[in-house]
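Presented sequentially are two complexes of chain A, the first with chain B as partner and the second with chain C.
Right, the complex of A and B next:
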């Protein structure tokens, strides 16, 4: 029972599933990586019961077989093998897996294969199909606003909502909120909350080319993302997602349009003014001049001005610099629009040429 | 030689009141509580009231007896805090090394700044003038070679005084003063010293260090030095508060979780208002529990963004209590907040009306200097339901 494959192909499969390998598992079987080969197809699978990933590759095999190997050792080994052919052979009576590549030969103890969970077997019709690059972008433009603490509150995930011919992704940690939408042909309605970790893993496996598509389907309380050579299944977050439409302001007192990179660069400097806590930057906007000020009692202070296109009266509001920077980094347009109001009313940032990506940010109250 | 300046606002709260209400000028004003107040104490009184023997920390009732025609005012701490902030700003213009000891006094290390002034007299007058110009209140200033002398000096001519003690004058100047002028000598120590015929600082100097140390321990050593005008304590710029908290030991150990919860709500209210008065927010909330057998635990939770509302703090504290209460009865319960920040991140999903409510409650509770309005959770639950009425 053996197969022959290329080191690159094998490694690619393993890297896709690697992060789903359980790091702590009382029964230990989930710390393994499942391999199955038959009909020239290699299946690699790992799951920690929160998420599961299955990747497919091409190999030559005469006889089908399967084995589970300790992920912590097997993946680093394959990573270090020389490029070229790898011959993998299961020695069943000894419960060993023999790996031959280049001049090396390795024998690894295998783990129990019977109990390794399958994933996504009873797949249903996809709820939505969309370009994988598009989903990747939408996730990148929301995932940073999820709440980072441990726990399973709805805020730790991304709301994926499909209705009225569009897909909407929303994330919020209650200090800011990302809203992203794309029109989508032929999707079915659904509304799910996907853990942010799942989304981060998705970003690793979603190809960014323009051809690939990804299918989203629901299986019980799980969501399945299917691509040509890999599937990812994940538990969903339960609970009610807050009514985000309520917190997106329909207008702000003033609005500026400014080059994204200039604002980001100025904020990067202002963001240094936070020794022990986050840097707070005050936006002082008057007659087309935006003054950015930040101050740290122990470090010092910074001030710089940007000339911007302004509409509306003068406003003053303070924000955590990091929150704005995180958003600006995900903008691909040259210019951004930033709607600001006085005091503790939320600001709203979006690419100047789009209404489909909105970022609502609450100011901070300072002395 | 070090140059230390002590700035002490003259009868601060009372002066603020007299400044803002001309009809009070020249009258005995006593800030601290209403005339009827049974438990209030005098926090400040005007110089006119001092003539009647009224002084701070005296029970209001006693002040009423001494000065029946006095004008008693509960006090507006928010206002005093604001004035104090303006004064602090000025003080910081004079020296980078400032130690605020209370709302109305501070030490400034002026060492090295002397050359900016014609004389120490000029230095002292400058700060007095700046303060008066800004807030229309007088301060008494003392300048000396260390904190001990500077503080004694500011107290030497009050109000509106300026006393400068040069290093070579220190010993003579101190000699006739009563020993209880020395920091740390209270009534008790003064009595002990009196029993050894030590009444003035000059008396104190006659005793060798060994004698004082043997009888008074560590304090004896410091008395020996202070009597000679030696004080090596540095002016310590305020380090920001790192944590705040409040705990309470029950008169009797508590087995009722409802009672714990209610006590916690009351402690949260105290810490919450303190945080908000200082314009601070906290990222870490901790509770402390001491069980009947004296085992003590403390458990905390850090939040992604700092908070300072009672509701927010209570929500975390109550969850900590629920998850960590392992035993009964409980002897002591406490709440602590730490990782303090000077900003509060606004929340998209909080009703702004809640903040208005908090502000209003704080104002009422501060104005009357005692809790006059509280949340339902702070009240004891009735032992049995009310008769005849269905709860609605």
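Right, the complex of A and C next:
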């Protein structure tokens, strides 16, 4: 019972599933990586019962077989093997797995194979199919706004909602909200809250090229993302997502259009003015000139002006610099549009050429 | 693992929990109270199995994957929290909250079991309070405690309290005979020492505990008193402190039996029935005061050892005194009920 594969391919599979290996498990079986080979196909699987990942690779195998190996040792071993052919052989009577690469030969104790959970299911219904690069971009443009601490559980994940021909991703931590939509042909309706950890792991495995597609489907209480060579299954967050549409203001008093990189650079500098707390930047807009001011009592202050295209009257509002910067980093367009209102009304940032990516940010009260 | 309905002697309790499952009126939090070894954890796990069992008949089939996983402690929807280093800390509760924030893996119930809930730190208890107030979805929290009075009243008031029932001696003895194949006479003795708790009975029935009992009784049930042998036993107990509590229970039961035998009680009430002949003969040799005093002395010594007295010295003194009951005859006047022998 053995198979022969390339180190690079084996490692690629292992790296995909690595993050799903349980770090602590009372029965220890989930700290393992499951390998199965038959008909030239290698399946590598790991799960911690929160998320599960299964990756597939090409190998040459004469006889099919399966084994579970301690993830903490097997993955680093394969990573350090020399590039080239790797021969993996299961010695059943000793419950050992022999790995041969180059001049090296390694034998690892295997773990019980029977109880390793399977993931995925034949009864899945595909809910939506979209280019993987697109999903990756949408996740990247929302995941940073999820709540990092505990608390309101639904806010620690991303809302994925598919209805009336479009897919919408929403994330919020209650001081800002990301909204991202994409029209989608033939998607069925669903509404799920995906944990942010799942989204981060998904970003690691989603190829960024536009050729490949990813299929989102619901399996029981879980969501399954399927790609050609890898699938990821994840549990969903409990709870109701609040009605985010009420948070997005329909209009603002004034609106500016500015080069994204210039604004980001100015904010990076202003962001330094925060020794203990987050840096607060005051946006002062008057006759096409945006004045950015930030001040820290102990540190000092900064002031900078940008010439922008302005519509509407003069306004003044303050925001956490970091919140705006996080958003600007995910914008691919050259220019952004920033809608501002006086007082404590929220601002809206979006790429100047798109209505599909909205960022609503609550101002900070300043004295 | 015992099937839910077979939980010996807990029939009424099991029935009401099953009824709750059937009528979809499962409370979101339970507090199971009962002394150590009274079967709290067994009950909680069986309840979890009954909730999640794929048969969905409010019983435990024991063969479906859910039942088996719960038994192995690997079910993703059942979280069991135990004290780490004597305390349950806030991190433990946070992990529980994280797990509860996800929808159930199997799509039905999520169960959290907190063993020795009274060991929660204040921070942990307050953090748990939040979860008790706003349970996520279909979730049940089961708190287990041998001293529920140590829990925050705000926690207790949010739980449905379930008290483990005490089993009669004959129930326990019958169970030990049938399920554990323990000889009838030993089973009855063990049941007498178990104080109405089945889990405790299983511990007492272990060969190690039974050996200690024999060892202790060999010293006490010697007709002429054996000072040297008593001191040897003291040394052995000093080497194995975890056996002390049990040895003291045996001693206590012995003098209780002596007292009963002296007053001519029927055999059923005697704990150490296998020594009945000896007890009824020997019991008449001394007066009741001597036995009273011996029992007080045992309790006092145990209290002193728990309070960190010099273990060896306390054991030496106690066992030496017990090996010769005549020593209590003279002093007996000093011992009145409820008063410490040292006061």
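Criterion: the second predicted complex is superposed on the first by the 362 of 367 C-alpha atoms of A that agree within 3 Å, B and C clash if a C-alpha of one lies under 4 Å from a C-alpha of the other, contacts with A are read in each partner's own complex, and residues count from 1 in each chain.
Heads up, the rule we're going with is that a contact is a pair of C-beta atoms (placed from the backbone, for glycine too) under 8 Å apart; a residue touches a chain by one contact, two chains touch by 3 or more.
Values in this document were obtained by computation on a predicted structure and should not be read as measured data.
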**Request:** State whether A:199 touches chain B only (first), chain C only (second), both chains, or neither.
**Result:** neither
I'd like to know which partner A:238 touches here: chain B for first, chain C for second, both or neither. second
Partner chain in contact with A:153 - chain B first, chain C second, else both or neither: second
Between chain B and chain C, more residues of chain A are touched by B
Let me test your reading of the model: by the given contact rule, A:358 touches which partner, first (chain B), second (chain C), both or neither? neither
First (chain B), second (chain C), both or neither: which does A:172 touch? first
First, second, both or neither for A:49, with chain B first and chain C second: second
Check: chain A residues flagged as touching chain B and also chain C none
Residue positions on chain B within touch of chain A in the complex are 240, 279, 303-305, 341-350, 352
In the complex, chain C touches chain A at residues 72-74, 76, 94, 97-98, 100-107, 136-137
The residues of chain A that touch chain B in their complex are 147-149, 172-177, 242, 247, 277, 280, 297, 318, 320, 344, 346, 360, 362-367
Within the complex, chain C is touched by chain A residues 25-27, 29-30, 49-50, 115, 150, 153, 156, 195, 220-222, 235-239
